[in-house]
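Which chain is which? They are A, B and C, in the order written, and residues in each are numbered from 1.
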Amino acid sequence: MIKDITIGQYFPGESFIHKLDARAKLIVVFLSLVEIFLCKNFLSLAVVVIFAIASVAISKISFKVVLKGMKMIYFIIVLTSVLQIFYNDEGTVLLDWWKLKITTGGIFTAIFMAVRIICLILVSSLLTYTTSPTTLTDGISRLLSPLNKIKIPVDTLAMMMTIALRFIPTLIEEIDKIMNAQKARGADIDSGNLIQRAKALVPIFIPLFVNSFRRAYELAFAMECRCYNGNKKRTRMKQMKFSWRDAVSFVVIAVMLAGIILLNYFFGAVI
Amino acid sequence: MNNEALIRFCDVSYRYESDNETPLPLAIKNINIDIKKGEFVAILGHNGSGKSTFAKLSNAIILPESGNVYVEGMDTADESLEYAIRQKVGVVFQNPDNQIVATIVEEDVAFGPENLGIEPDEIRQRVDDALKAVGMYEYRLHEPHKLSGGQKQRVAIAGVMAMQTDCIVLDEPTAMLDPKGREEVMKSMLRLNKELGKTVVLITHYMDEAVKADRVIVMNSGNVVLDGTPQEVFSHEKIIEDAGLELPDSAKLALRLKKSGVNLPDGILTPEEFIEAFKLSLSGGAVH
Amino acid sequence: MSILEIKNLSYKYGVGTPFEIAALENINFSVEKGEMVAIIGHTGSGKSTLIQHFNALLKASEGQVLLDGKDINESRESAHKARFRVGLCFQYPEYQLFESTVYKDIAFGPTNMGLDKTEIDRRVRKAAEFVGLKESMFEKSPFDLSGGEKRRVAIAGVMAMEPEVLIMDEPAAGLDPRGRKVILDLIKNYREKTGSTVIIVSHSMEDVASVADRILVMNKGKIAFNDTVDEVFSHEQELREMGLNIPQITKIFSELKRYGFNLNAATYTVDDAAEEILRYLHKGGN
């Protein structure tokens, strides 16, 4: 069921990673994503693999949850790796059939790509798992606050983000309810060809849109009642402060960067 | 001007905008109401009686077509007073899902004070106090969508409390809740009024909730038709029923028996009162 | 013969995960043809999960749902047919309206049944009559109606399938006293005129006491009581512990009985109560 989606979900906790400043966490995640792309051989890749696994362990979020969250993207991982197998024709030929040729080089690249994507997802999903969406948008808006100077309404955009995140579960629940109600009137949603299926969505999406407008209207009233005004300066209950943890994580990421560059340099690139 | 009135409606009329040429009828017609400081007032009326319009008029969300609404003497039509007014009078709406802004309970409660530009430490204090007042402190780190209806509504009440408003207007806060949720919310409202001295205006169509108020106002097609203590108001069975409402069953039963000559006192509203009165009346000879 | 029979039904959420929760446990009961049964329970008691089994929206982890003696989950086809034979009207059904006109929205169910135009027309008109919608409203957009009217359109949409069993989940939720009465009266009227079986789900004891023949009380995924209205209301204490309210009149009567007044405790409407008390007084007390 659609209710089972865990991507973007937040698991409250007290771990080192949970306690990192959201801004620091965003920067660290961004840098580690860059580093994952910089890896050119299996040794440097091993460094980021260890980094990713260690991060999950430190966050105290069970691997089971993390793996379950990746379920949705298994397909993408498999597809990219399979494409790599056929795209690369270096190394010993293992299989040559019709126009398809599988080589050791292809297999290597495939594995390399798969590991790389998994690391990317691990690190980035850890960001949302350990940071409440509001804190996260807050962090983004503070990092981007210089953009206010060139008249980009960062705070308003961040508010929109927060509200969107807040209403995703509500809307998913609503879709579920509407779907059941239309099924109860005999709507056939699960079968038929593409056009029939698209048509079957009309009874679901029209009420969903109508209800969403109603919600938006009521929410606007409620926000006005609580003195929200997009242009006014707001204060925040939760202050953001860099701590020793953030310094530690910056050091880790810097050491890792140096390590990857050195490993790439000394052991050559396989990719 | 009477300083005691926290909210004052003076000859207020309001009409919603129509989609076409013909204007809609007035939703509220020349209404005069004073809500005094510290009162617990219930406003009763059927759907479309104008009672929800009252909520939006009371803190400058909408402005009267004619007449004036004053909050502690401030005219809601004066745009410069908008924020001052909303810090006096907070509104909680019917659907709890559509008034919670943040993804964590305490962050939602902090939303109002943050908009007011309060210092962080002070916000923290207010949020904790407000959550404790509605009994939701243990849930401060929960995600709102996982709470029950009654809990969500209490979070919404805390959100208004954290702005330190003197008066809370609740627009059918229990209409979408189950009996347990209704009880929780009712308890919170009574606590705010009795223990914290907040003025509470409860707009509802549940009679058993109105019975617990100090004062009941009944609205019908945009007019105030009754205004008084619950005992006074619920003695007018005919007007209540014409307004599309029903007396509480205990009151109805007492009235029915009195008409048949049973000697019962006026103003019975709850089962407990009925039982007491009935026992007393029997010991003193009941019939004729 | 029972029109609907539930045999050893259990339902679990998240089977095979560490989060497995039993939502329903070993439910057994049956509904007779033409009966009006009320299912009562607080939020999370399993009542909503239970009714979704009756038209095969949910498939039981264990056990069977028999409609007219046949398992509705026997085949894909029988499960699909069950949607039409057991009409399920959800809570706040007005939020599921989608068509451009009232007429088309009511016709959605019958159209999905594959009926011909004249039959659909007959059913739409009949259902509209049951809920008190005038023909002049047929061409209106359902979104332009008042809240109460929208609800009636949505209810008509389920009635138009002419189901053998009609299930209404909290049909009066959120309505004012007059609105509640209108909805309950129309359900009563529908049942009298069609002789259909009706299951009404509610957490308001006051609403169901006057209309139901029998009450099924759900608590923590199990059936707590399955009995006549009188019998169920006599368990005041247990009902209260399950988070349910009992009607004020019942409260008064059971209390007075405790004080030694010899009254018939099976009283839950104001009219019956007044009559019973007067009868008692004229008899001169005990």
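Everything that follows uses one rule, which is that a contact is a pair of C-beta atoms (placed from the backbone, for glycine too) under 8 Å apart; a residue touches a chain by one contact, two chains touch by 3 or more.
Everything quoted here is computed from the prediction, not taken from an experiment.
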Could you tell me which chain lies farthest from chain C when each chain's centre is the average position of its Cα atoms? A
Mind naming the chain pair that shares the most C-beta pairs in contact? A-B
Just how far, in Å, is the C-alpha centre of chain B from the one of chain A? 43
Which integer distance in Å separates the CA centroid of chain B from that of chain C? 30
What residues on chain B touch chain A, complex-wise? 56, 59, 61, 83, 86-87, 90-91, 93, 95, 97-104, 106-107, 110-120, 123-124, 127, 141, 143-145, 156, 159-160, 163
Residue ranges of chain A in contact with chain B within the complex: 10, 12, 132-134, 162-163, 165-166, 169-170, 173, 214-215, 218-219, 221-229, 232-239
Which residues, counting only chain B, touch chain C once they are in their complex? 45-48, 148-149, 175-176, 178-181, 205, 207-208, 244-246, 248-250, 252-253, 256-257, 260, 262, 270-271, 274-275, 278-279, 282, 286-287
Provide the residue numbers of chain A that touch chain C in the complex, in ascending order. 174, 177-178, 180-188, 202-204, 206-207, 210-211
Within their complex, state which residues of chain C touch chain A. 52, 55, 57, 80, 83-84, 87-90, 93, 95-98, 108-109, 112-113, 143, 157-158, 161
